[in-house]
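First chain written, first letter: the chains are A, B, C, D and E, and each begins at residue 1.
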Amino acid sequence: MIRSVLLHDGKITEDIDPAKWKEVSAKPGAVLWIDVQSPKRKAVKSLKDAFGFDDISLEDTRSFSLLPKLDTFKDYAFVVIHALGYDEASGAITRRELDFFIGKSFLVTVHVEPITTVDKVFKEAQKSTAVLERGPALLTHIIIDRLIDLSYQMVDVFDDDIEEMESRIASGQMEGIVDWQLRVRRALLLMKKSIGPQRDVLNELARRDSPLISHEAAIYFRDDYDRLARVYDQVDTNRELVAAAAEAYRSMVSLRINEITLRTNAAIEWLTLFASIFLPLTFLAGVYGMNFDQQAEYSTPGFYPMLWGVFGLITLIMVVFFWRKGWITILHKAEKLDFVTDAVEREKPKT
Amino acid sequence: MIRSVLLHDGKITEDIDPAKWKEVSAKPGAVLWIDVQSPKRKAVKSLKDAFGFDDISLEDTRSFSLLPKLDTFKDYAFVVIHALGYDEASGAITRRELDFFIGKSFLVTVHVEPITTVDKVFKEAQKSTAVLERGPALLTHIIIDRLIDLSYQMVDVFDDDIEEMESRIASGQMEGIVDWQLRVRRALLLMKKSIGPQRDVLNELARRDSPLISHEAAIYFRDDYDRLARVYDQVDTNRELVAAAAEAYRSMVSLRINEITLRTNAAIEWLTLFASIFLPLTFLAGVYGMNFDQQAEYSTPGFYPMLWGVFGLITLIMVVFFWRKGWITILHKAEKLDFVTDAVEREKPKT
Amino acid sequence: MIRSVLLHDGKITEDIDPAKWKEVSAKPGAVLWIDVQSPKRKAVKSLKDAFGFDDISLEDTRSFSLLPKLDTFKDYAFVVIHALGYDEASGAITRRELDFFIGKSFLVTVHVEPITTVDKVFKEAQKSTAVLERGPALLTHIIIDRLIDLSYQMVDVFDDDIEEMESRIASGQMEGIVDWQLRVRRALLLMKKSIGPQRDVLNELARRDSPLISHEAAIYFRDDYDRLARVYDQVDTNRELVAAAAEAYRSMVSLRINEITLRTNAAIEWLTLFASIFLPLTFLAGVYGMNFDQQAEYSTPGFYPMLWGVFGLITLIMVVFFWRKGWITILHKAEKLDFVTDAVEREKPKT
Amino acid sequence: MIRSVLLHDGKITEDIDPAKWKEVSAKPGAVLWIDVQSPKRKAVKSLKDAFGFDDISLEDTRSFSLLPKLDTFKDYAFVVIHALGYDEASGAITRRELDFFIGKSFLVTVHVEPITTVDKVFKEAQKSTAVLERGPALLTHIIIDRLIDLSYQMVDVFDDDIEEMESRIASGQMEGIVDWQLRVRRALLLMKKSIGPQRDVLNELARRDSPLISHEAAIYFRDDYDRLARVYDQVDTNRELVAAAAEAYRSMVSLRINEITLRTNAAIEWLTLFASIFLPLTFLAGVYGMNFDQQAEYSTPGFYPMLWGVFGLITLIMVVFFWRKGWITILHKAEKLDFVTDAVEREKPKT
Amino acid sequence: MIRSVLLHDGKITEDIDPAKWKEVSAKPGAVLWIDVQSPKRKAVKSLKDAFGFDDISLEDTRSFSLLPKLDTFKDYAFVVIHALGYDEASGAITRRELDFFIGKSFLVTVHVEPITTVDKVFKEAQKSTAVLERGPALLTHIIIDRLIDLSYQMVDVFDDDIEEMESRIASGQMEGIVDWQLRVRRALLLMKKSIGPQRDVLNELARRDSPLISHEAAIYFRDDYDRLARVYDQVDTNRELVAAAAEAYRSMVSLRINEITLRTNAAIEWLTLFASIFLPLTFLAGVYGMNFDQQAEYSTPGFYPMLWGVFGLITLIMVVFFWRKGWITILHKAEKLDFVTDAVEREKPKT
């Protein structure tokens, strides 16, 4: 899809015939913007014929294959940047390559997929002469500036997201953290990888003082650079915060396992104590419930109360033995082990 | 909010009319300081009219959007730094952008939110001629110097905090460590991200020997740089110490789980031994408590004592079997496994 | 194995006698390509005699011993790159050294093992004059270009692989992740180590504007560089994603252990409660099943119902005790502990 | 505390009156060393009066506030280094700032806290003319050289410490590792942060060939640099080794937990088997120990032996069921699970 | 220990008197190699007298105190490298400092401990004139070349070692991994720290085109550099692979704990079910085995069969309750939990 808009003598003309591109852009004071989406061979040929772009750059525009970069040629500059977007459906970051050919009197933007920001600016250029009047370099700045605004918004969303996650982890709500982490890490990584070289491109543009990029444009690119540097810094900060949160999450899960293990231990020690007392006792009671004729104990005087004494003795031995092992955790709010439980209590939501 | 203070002929005048800014700052020997908080369009316009600041810098001062940086123009330098603060209520670090326009005879400070340090210095400048006498560049130094003092204090608080945490972890007190970690990591990260570029700005200021920044001022900025470098280094050190503490904490939690698991194991082995002995015994006792007419054993002579022999034999077999498996951990201070318990003992507070 | 192809006067001649290499490559307009596989001493000598290559480079071509690099000599450039491949049998990355001697009228490629891409281009050169016509430098570009295409494909496979793994981890399917991780990490590391210096070589080639490498060839190498830079970036991104996935995997395993531990705890608490109730009760029942003549209780009126009262009392005490300890987790969908189970539920596949 | 020593005409004079510093240091061939500890305002003033040191450097000497650095002025060089020490009581590293003012004929050393090395060299200078004869720059070298010797010793202590820890971890002795780690990491980090910039200072000194630092002195500083570079390298190596040891420690704790979990599992499976057999059996025996008049089974011929058959059948079913589940781990040296135990065995001390 | 070998007029002379070193090395065409092991004061003096080496370099040769480096003086170059070795007894890497003084007509090698490679080359020099004929610079290259060969071999051993470890971890054999890791990490770290600066020294040598290092020698050093760069790269790769393997190992141990925990859980749930059924049943049977005269139930018609009904009811309630809780894991190949077991199965050796 090719569309174009021309400003000449204060008049806006749309959809210029490719055959006339060369001619109209050569007119003094004319500014021509050509936006090409999903470039076909034919479009590429038209561009080459009109402006003499090099084959390789043109070929590269047809696929998403390059990192952000700036190549300067005699009559034009070739700029590759990535338009970042957020796909709400999948919660994923999208990266779309956007190529600029910046000439003295023309701007060619090429992209494989539609980019909303380019669309909007193009429509503004169709409506008002104010947009094209600023010239190809500042037109580039306008588009990049809007894309940086989008990045600011995206990074703000992550800021809030991470703060919320931190407070959820600190308060022990652990739903979906693993999944969230994977998603956010991927998104931030893609942003970083995209913004890093983009920042360098802007830095280069800001330092270039050529017929293509006026001193004024350079100053604007410098401001774009400063703002993108801050976005980059924020992405980097967020990446570290997510990593710290991931670690804190793992600590928290360990602490939970610790807490549960403690409770299990208390229950098992109690069970063991009870079994240690009552298994022998029940056995003895069973023995004297047997029906052997020979069980002379049945009629031995004093044997029955003595047996109660034995019951008591066994119980006493077991309780003392467990007590000295410090194993009747269930009975006291265990002094030795409660630090962990305390920790868990304190980690819980404070509200 | 705009306020200004002028020193001229040794006299201090306050709240100069914006319309006269240009005029008064042009007088020989005059020093004018304008402090603008939450700049509105009108304030921005006044500044532009009076000093001819560039639009982009002025626009940037209206939001918190830049990393610390230094831009030099013909008649003034534009400096962005971050004033760090500590919000006691939330325990969080605050970063506030503070912009300086340093001219030959004027200083303009712009910030969105109030900054206590700027307030204090402004009040001093209103009271004593000594402050403004030093000129715009050294005035900038004074403000930055005070902000660095604050950073020193903040970093000292973290130093103490971390040392205390280390000793708490080493002594097994684990309350609130995860939460603490998240908080401190975030704070240190923000400090690092803010101080790093700020240090670079100071380095640039220290190397500039221009009409705006005198040789004397450069030396002071150099000292600011040295001191901020130390703060930065300390922040970096603290970040590593917190990371190490976080790791130690995880090791400690694992060690606790290990300890509890060991105790649970000892209890379960004991329980299993008791059950292995008394379940068969009780079953046998139960069998010979049955009331079948056919149970000829009841009257078989010697069966009853023989049964006691069987009871003893079963017990013996079980005890020997468990002993050889090395499973009666509860009885001896288990030689094979006590290294962990020892470790835990030693890790406990030494006081 | 040595094979050669010569283009001269629009005619293709194959397998030139090594003795004539020097002569034919000296003819104006001739382009000679010699491909040497597993070079023997004799081949090395022929090359030295014909083109005067330095001993050390020639010696190095006989083993896989160098990182990608570019050495420029008076009459030729010596380029070492690695041809990356994917061995489907073992799932491993293969790295094969490929050495180029780029002269004005000749190209010598040397490799120890066969490289499919070189094979294919060689066959094309035998069939069509179009290949050799472009000259040694662009011939080098063609081979490198195809190798980069292969790298793109490999990196795309990893992209898909990682995304699938991420969704498998997030949905709790954990088969073979450890093994997969080790394999992918090794592969990505080897790619990175190979592509990094290769990118630098292309960058150097792109900046060289010499009789050996024409301005046109330099532009093509620049494009190769840009494309390889993107592959490198993607490899780097993938490495970070795999590391994040590995961490997420460990978190997930911990979460599973947590879940199982919770269930075990609930079962054990229930068991302990039941044992705490019924062990004493069964003991008492056993006592009053004993056959002692002295057991006056048997005929004491009201003792039997009273015993039922005791049974009830013991039950009540135990239930209340456990209830207050909050230990009858099995009965209610435990409020205190269900957050983990919830987390596990939510982490499960959403489809 | 101020002390000074002067070498002039081969004679040593001590404690020169501050008022005469300027005068005596101006004499040809004189070498004056002034050592100031915990500088007071007065001392600072004396130094300024005598040598004209800049205010800022003098102010900085009064607190521990700078990283190692080198500032060159017209008549003197200002050098800040850190003297590292090891506090045996607390096992912590101490860092003390040591400032040098190196002039042509004088050396001023300033430090807040006492530094043993400076003390020793000062006493040597009081005893023998050989020390001061070498001049201020080489005097500086002598002090720094001794401090580097100390660093070598400290780093050697850590070397041995780490090797011992590694072998203790590998052999399963785990006492106090967490605490040790925290302490050593902190110490190594402080050393690194201190030595890094110090090394840079020495590098600068070695490259300076000025009236203050003779060519000979520069060579000695170069050697100091080389030696400190090695210390730095060793500190870095140790940091990585400690990190690796910390990781190994965590792996070892996990392996222990694994081992204990395995033993617990075996005990529980055995307990479950026994309970599964004897709980039903004991119940049945209990049933036929009941005293109901209606229990016709008591007199049914063959019921009693049949019951024994039932007992046997239940036992058989349970044993077969557990056997097929592979759950009677206690009986065989479990084939499926013993790899871990083996691992644990092998990890144990080999002596 | 000092030994020397001189080539002059095609004749080899051994053990030249130190007093004649200066004289013989001054003869045109002479090449003198002096190898000094564990240098004593006397040897150092002889070297100084003969060649005028600087004191500091000479002093440094007497201890193992420097990182690899290159210092160029007027008449000689001072090169420090580390000879890496592998001590088979302890499985540890050894690093021995080897110092070269490269003059126009002499080479002095100094080392504290014996170095096999130097020994071998020295013996060759004693036997054949071909070695010394190449001159001091190429002699240095020969020794370094051999040392690099050794490094290649060492790094290949680690390559194989790591691949074996990876497959052992992936197949669940976990013997001695922790110990192995610590050892290999230490070895690779030492190699890296040694090879890094050594590579830089070679790079410097390769760029030096001086009377001491001929253009030819520089080319050879360049090749040494290329080859050492590959060793360095391989060491780096191995370090990352070991780190990845260590992580995989920890994941594997966690997975094992998970597996065992699952089995324990199944056993405990089964035990709890059985106890929940038979503890109440056995109690009831015990109650009706009591001998109270008042137990009218004994003669109540229908009570006995009703009791069987109660037995059945309790059993039913328990089974249904556990079934609905999804807790009878032992009975079915648990659908909900088997993913982990599956994972474990798949992770096992595939052969």
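We adopt the following convention: a residue touches a chain if its C-beta (ideal position, glycine included) is under 8 Å from a C-beta of that chain, and two chains touch if they have at least 3 such contacts.
Since the structure is predicted, the reported quantities are computational estimates derived from the model, not experimental observations.
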Open item on the list: Shortest hop count from chain B to chain E along touching chains?
Closed with: 2
- [ ] Give me the fewest steps it takes to get from chain A to chain C if each step has to go to a chain it touches.
- [x] 1
TODO: Fit chain A onto chain D over the CA trace and report the rotation angle, somewhere between 0 and 180 degrees, nearest 5.
DONE: 145
Task: Distance from chain E to chain C - Cα centre to Cα centre, in angstrom - done: 22
Task: Computed distance of Cα centres, chain D from chain C, in Å - done: 35
TODO: Mind pulling the residue numbers of chain E that touch at least two other chains?
DONE: 250, 254, 257, 261, 264, 268, 271, 275, 279, 282, 286, 289-291, 295
Task: Chain-level touch network, classified as line, ring, star, complete or other - done: ring
Task: Complete ring sequence of chains beginning with chain A, oriented so that chain C follows - done: A, C, E, D, B
Task: chain E contact footprint on chain D (complex, rising order) - done: 152, 166, 169-170, 219-220, 222-223, 226-227, 229-230, 233, 236-237, 240-241, 244-245, 247-248, 250-252, 254-255, 257-258, 261-262, 264-265, 268-269, 271-272, 275-276, 279-280, 282-283, 286-287, 289-295, 325, 327, 337, 339-340, 342-343, 346-347
Task: List of chain C residues in touch with chain E within their complex - done: 54, 56, 60, 65-67, 69, 71, 172-179, 181-182, 185-186, 189-190, 193, 246, 249-250, 253-254, 256-257, 260-261, 263-264, 267-268, 270-271, 274-275, 277-279, 281-282, 285-286, 288-291, 295, 297-299, 301-305, 307, 330
